[in-house]
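Next come two complexes, and both contain chain A; in the first it sits with chain B, in the second with chain C.
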Partner chain A sequence: MNMNLTMKAQSSLKKKFLGFIKEYMILVAIVILALVTAIAEPRFLSLENMTNIMRQFGPLIMVSLGMTFVIIGGFIDLSVTGIVSLVAVVTLSLIEPLGQIPALLIGLALGAICGLLTSTIIISCGALTQAEALFITFGMSTVYGAIALIYTGGETNHLSWVTRDTSLFKAIGQGNVGFISVSFLIFLVVLAILWVFQNKTYMGRAISLTGGNKTAAWLTGININRCIRTIYVICGFMTALGAIVLFSRVTTASPVLGKGYETNAILSVVVGGTSLAGGKGSVLRTVLGVLLVTLLSNCLNMLEVSAYMQVVLRGAILIAAIWLDSTRHR
Partner chain B sequence: MTKTDQDYILSIRDVSKSFPGVKALDSVSMDIRRGSIHGIVGENGAGKSTLMKILSGVYTRDSGTIVFDGEEIKSITPHESMQKGLSIIYQEFNLVKTMSVGENIFLGRFKEMKGMRGTHEKARELLDSIGCNISTHKLVSELSVSERQMIEIAKALSFDSKLIIMDEPSSSLTTEEMRKLVDIINQLKEKGITIIYISHKLDEIFQLCDTVTVMRDGQVIDTRPISEYTRADMISMMVGRTIENEFPERPNCVGDILMEVRSLNTRKLRNVSFKLRKGEILGLVGLVGAGRTEIVRAIFGADKVKNHEILIEGKPVRIRKPSDAIEYGIGFVPEDRKIEGLVLPFAVDTNITMACLDSLTKYGFLNESSEKGIAQKHVDALDIKTPSLKTRVENLSGGNQQKCIVGRWLEIKPRILILDEPTRGIDVGAKYEIYLLMKKIVEDGGSIILISSELPEVLNMSNRVLTICDGRITGEFDPTKTSADEIMASAIGLCGEENEYESNYESAI
Partner chain C sequence: MIKSVVSIITKQKAFLAVVVMFIIMLFFPTNFYTQYNLLDMLNSASILMIIAFGVTFTLIGGACDLSVGGNMVLAGIIVVKLLEHLPIWASILIAVALGGIIGLVNGYLSVYHKTEPFIITLGMGTLLTGIAQQITDAHPVPCRNMAFMRIANSQILNVVPTLVVIMLAVLLFTYWLLRFTQFGRNLYAVGGDYEVAKYSGINVRRTKAIAFVLSGIFAALGGILLASKLNTGASTYGDTTALEVNCGVVVGGTSFAGGIGGIPQSAIGMLVFAVLENAMNMLNIDAYVQMLFKGIVIVAIIWLDCYTRKRKREAV
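Right after this comes the complex of A and B.
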């Protein structure tokens, strides 16, 4: 960031503007997307739709924030799909016997433990590349998903079937403080913590250095295995949080609830401008990425674009983002 | 333009090129005489590579004219420039490793060669013409560096090149291979092909070139026939000041024994034992692959070790990973700074403080203001030339990058600093600064283990030299009393299976 600031100071105002546009192309995309949809379909601007967007934003942003650290650290995590499903079904099933707060805490811990398990396997396999992590986490995703299926016997459970008090989950899923949803408030708090963690702590720095050059980081005494463990635990924890926000909103937990979250989270992180090559990125960028991805699906729904076509567009945007990332560094 | 096109194959007039924040070329002009070998020398960052990339069409110039073979070149792609007869052989070759020699030479032109048979026949002819007998069916991945270079030259000839630019062609060649390259370059010259030869090594420049252009800070300082230069002239023009000597006076502050390594064995090393004294510069000499780097990596905990014993100040220590070594005050400047040393896309300050992050951390939080202070301190003390602390380290020249890594280790106040090829790819001026820095480190009570492929560097800087051959230490020398030839003989392993150093060492214990 600072690097860009000094460079901008040296160049003219026009260059400054172009540089800003190039760096924050995504903001421009968000504005254009919102404008076009608002003109074509005024319902887009209704309060109801805005609340709707905020709610869709909730689960994906949690998973994506976690994924940001994994990608900055030079790895990738496909296991979030399995974790979302597993955490959702386990947490929901524990409300009845244990009460809602213990269920919530166990759910979050379960996510972190899944991350720890994944990272332990990655470390013991000696996997140091994104490609190896891709396969290992894909495998782990299947394992977590399968456990969720076995646990529930393939059944979908409803929050409304629980006879105990479920006010906490209802608040997370549907509650508002003023016109801001509770899930959005949770997001703001988490974002602040993660931003401080990324930019102000030793571990945050060690993670980016590991992502930037693993060999150099190791040769200067940075504990790479600890970094790998940390990024996957953060990702697992954040995914669990996302899972809880998600099933609180939809009020059901099926063992395939997490389907599609891995691609959407990676898409959001990369579209936001965190480099898949590792090292460079930021949680704030990911917020913009998730905003674009959520807005896109909302807008396309508003404009009645078919679901299949939406998938095509999402793929096109991911490729465009990767291409932009590679040109930015030239 | 008063000179005739006949005399000059290439005329460059007032060519400028800027990158964000840097003026890489500032109104550069030069004329390359047809059929000559034209040397270009200059420090890293002088603009040599930028100029070459403009010629070949990788970059576009901001202003100026280029006339090649009587024709003004406006904008050009790398492929067009090759077809016009201008080829560049880069340090990193552009060869497809999984394809054969013949296929590489005529890559993308198999049709013109009338199929694979024609391709291999033509390739054979070309290789024969430069006296190279590699089979055209061999895969490039099986070839040595110098053989790959031959393939690049043959490829350049296949385009009927009139001008071949060689960028640091000798950087990874052995002396024997270099001799062969000199022969080939002279042959090319006899055929009337013009050569632009870019190198750091002044010996080669004086041996090969007819005319030499010196560049500095994006400008041409002078172009003269080689006979009008002396070595000292050339160096002072390159660095912009007079350097009396290439090496500072040898530091002389050797004290007590600091570290002892006993019977170090790894997959590669056999029974390596030696002592390092306080304030000493210990040089390790050996051929590439002899095990020099393996020794220091094992000490630093970067490689797996079968068995060994390390004593620091008489006490045995356990070093299993780099962070252990750092605890004991050992620093390591690795061989390849871009791959193992720097985090290239990161800022200068981040790269400098990498090794001392622990000491900047309190309750898990980094102290950013003292981090900035530390980085600034080393940038000032080592005179690292960078626009700001936040500049990406990949934008610095090789010498300044190396200084960032040295600065990184100075911050932990190392008792032992391991320098593996500290001056590779660094220009003369920066080299001298690195030598001064080494001197200062030992004078402040540190010790240095120095590995270098440049024998003069080891001989002029070290207090003691160990020769290494095939994973063993084969000799110990005092560089002030021994000739370079004697040391080289020991490093090549002319001393046989019975090894005086090892038996002496054992009897001494």
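Right after this comes the complex of A and C.
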């Protein structure tokens, strides 16, 4: 009798373990990837490389965290490309006349305003599907990108050309606390805030509900428009933060800086396991997704795989992840 | 009477936009209204139009295809590379077949595995662009075959560009396919209501998958013609092609909800961008400002489209 019970417990434990593996396939993928690279190239485990990975991690994770909310809410945001470029060029150009702290704040506000504008357009025409949002945000991305190009005349600005104090941006881009980079610390703080927002506040839960079923959410008395506005403002703000981390790291701000960020952010969110159907997902999953994408590019660089091959692999992983996702839900 | 006129206009927003642009150009002393310019405008829009006709199938089927950009550049590069070893017809055939196979993969994954088509094709587009960059090292590949170059750079009767003729042929063929064949009618049914179509005995999966194959084939054809026109195969053209083409089709009036739309609408939708670009070039507008206008036009037309649907929803 007793033995029977233990066996039962064991089998349920096994089931749980398998379920965990299935649920967190990505974690397994990350571990395998790290192991293989570490064996093939021991330099991978050096402290220097770890700091390097943390730096590469910075910009994409910010944009992806914002994108997570948009996708959980059942929408999509391609305008991050334009917002990254616009915020980067505007912020950098404002350091000279206004000083670094006002420039930083204006940059962040600009991102949020862009998000607000996008959401206003979406709400005013009553777009409720992902496809409608896809095309509207693509148009907005073109608009923001064009404004960035017009603003700079197509030229690239360098952080080192600024004559005033830029210590703040230097710290974000290159600073370390111990062996942890400053951008990583910012990420930890932001992640904590967003996690609490998603799981412990009314708005966070309302967003999940809206993404799951808009009609049901509306009938429960949730203000859907407010949810849409919130997710796009969060996404805009986080994208602005990502833009600032990015141009601080590369020390230049070109008006096409954000190219490719929309695909990479969506890729990271989806690979992390947040469902594109909306309603399901978490910021923590996105962290895993970005970790995989960043590690992958770091590992492939270490193994001296060409940059183009990496693009191929990224596309293949995106397809595989969605495929797996669809088999899991069947 | 007035009401019906208004409803016709609101239904044909893209056509209205084209007419408005033509009227505006009347007030400016430019070379816009010359035979050469109008033909040139059609000529440069032809390639994207051909791709758009293919994409129309997927949109009517209730999906979309964002891999056409990658498909286009890859086909162009493949055909240029193959021309060194094979005759023209064989190279073109292989490149088109490859486009069809890519479409088949898209269709298989998104129809048979029920994945979100736009994200699958987005991933496929990234993958194909990566392959194109890998096999060319991201450098343009020049083509030395003059006969191939002449396909897209010649005129029939010394007036009409061949490209326009090819585009019109594709237009007629795809129009026939959608309007007068069983496949076309089934596709409208599948896009309109998947479940109803399924219970009416339509092979919904196959119909939808064929739409993806067609989209792949015409994207490859567009890529081949682009390579012929520029006499090079390059991996850098297709960055925003997919979204622009899908947008153009939607702007024309093919709904992304599926089941509504058609080939002529797509032609007009793509024409909006072609006329806009040409008119702005004629008026010497800065390239970046042009981009801004293009973005605004996309947002405005899609906004109108969504807004009319919202009004309809609320009226019920």
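Keep this in mind: the second predicted complex is superposed on the first by the 319 of 330 C-alpha atoms of A that agree within 3 Å, B and C clash if a C-alpha of one lies under 4 Å from a C-alpha of the other, contacts with A are read in each partner's own complex, and residues count from 1 in each chain.
Here is the rule we use: contacts are C-beta pairs under 8 Å (C-beta built on N, C-alpha and C of every residue); 3 or more make two chains touch, one makes a residue touch a chain.
Since the structure is predicted, the reported quantities are computational estimates derived from the model, not experimental observations.
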{"item": "First (chain B), second (chain C), both or neither touched by A:G221", "value": "first"}
{"item": "Which of chain B and chain C A:R205 touches, first, second, both or neither", "value": "first"}
{"item": "Partner chain(s) touched by A:L116 [first = chain B, second = chain C, both, neither]", "value": "neither"}
{"item": "Partner chain(s) touched by A:V162 [first = chain B, second = chain C, both, neither]", "value": "neither"}
{"item": "Touched partner set for A:V270, first chain B, second chain C, both or neither", "value": "second"}
{"item": "Partner touching more residues of chain A, whether chain B or chain C", "value": "C"}
{"item": "First, second, both or neither for A:L185, with chain B first and chain C second", "value": "neither"}
{"item": "First (chain B), second (chain C), both or neither touched by A:V250", "value": "neither"}
{"item": "Residues on chain A lying within both footprints (that of chain B and that of chain C)", "value": "none"}
{"item": "Complex contact set, residues of chain A against chain C", "value": "78, 121, 124-127, 129-132, 134-136, 138-147, 149-150, 153-154, 259, 263, 266-267, 270, 276-277, 306, 308-316, 318-319, 322-323, 325-327, 330"}
{"item": "Contact footprint of chain A on chain C as seen in their complex", "value": "64, 109, 113-116, 118-120, 122-131, 133-134, 137-138, 239, 243, 246-247, 250, 256-257, 286, 288-289, 291-292, 294-299, 302-304, 306-307, 309-310, 313"}
{"item": "Contact set on chain A toward chain B in their complex", "value": "2-3, 5-7, 10-11, 200-203, 205-206, 208-209, 212-213, 215-223, 279-280, 329"}
{"item": "Contacting residues of chain B [partner chain A, same complex]", "value": "20-21, 300, 302, 321-323, 326, 332, 334, 339-347, 350, 354-355, 357-358, 360-361, 364-366, 368, 387-388, 390-392, 408"}
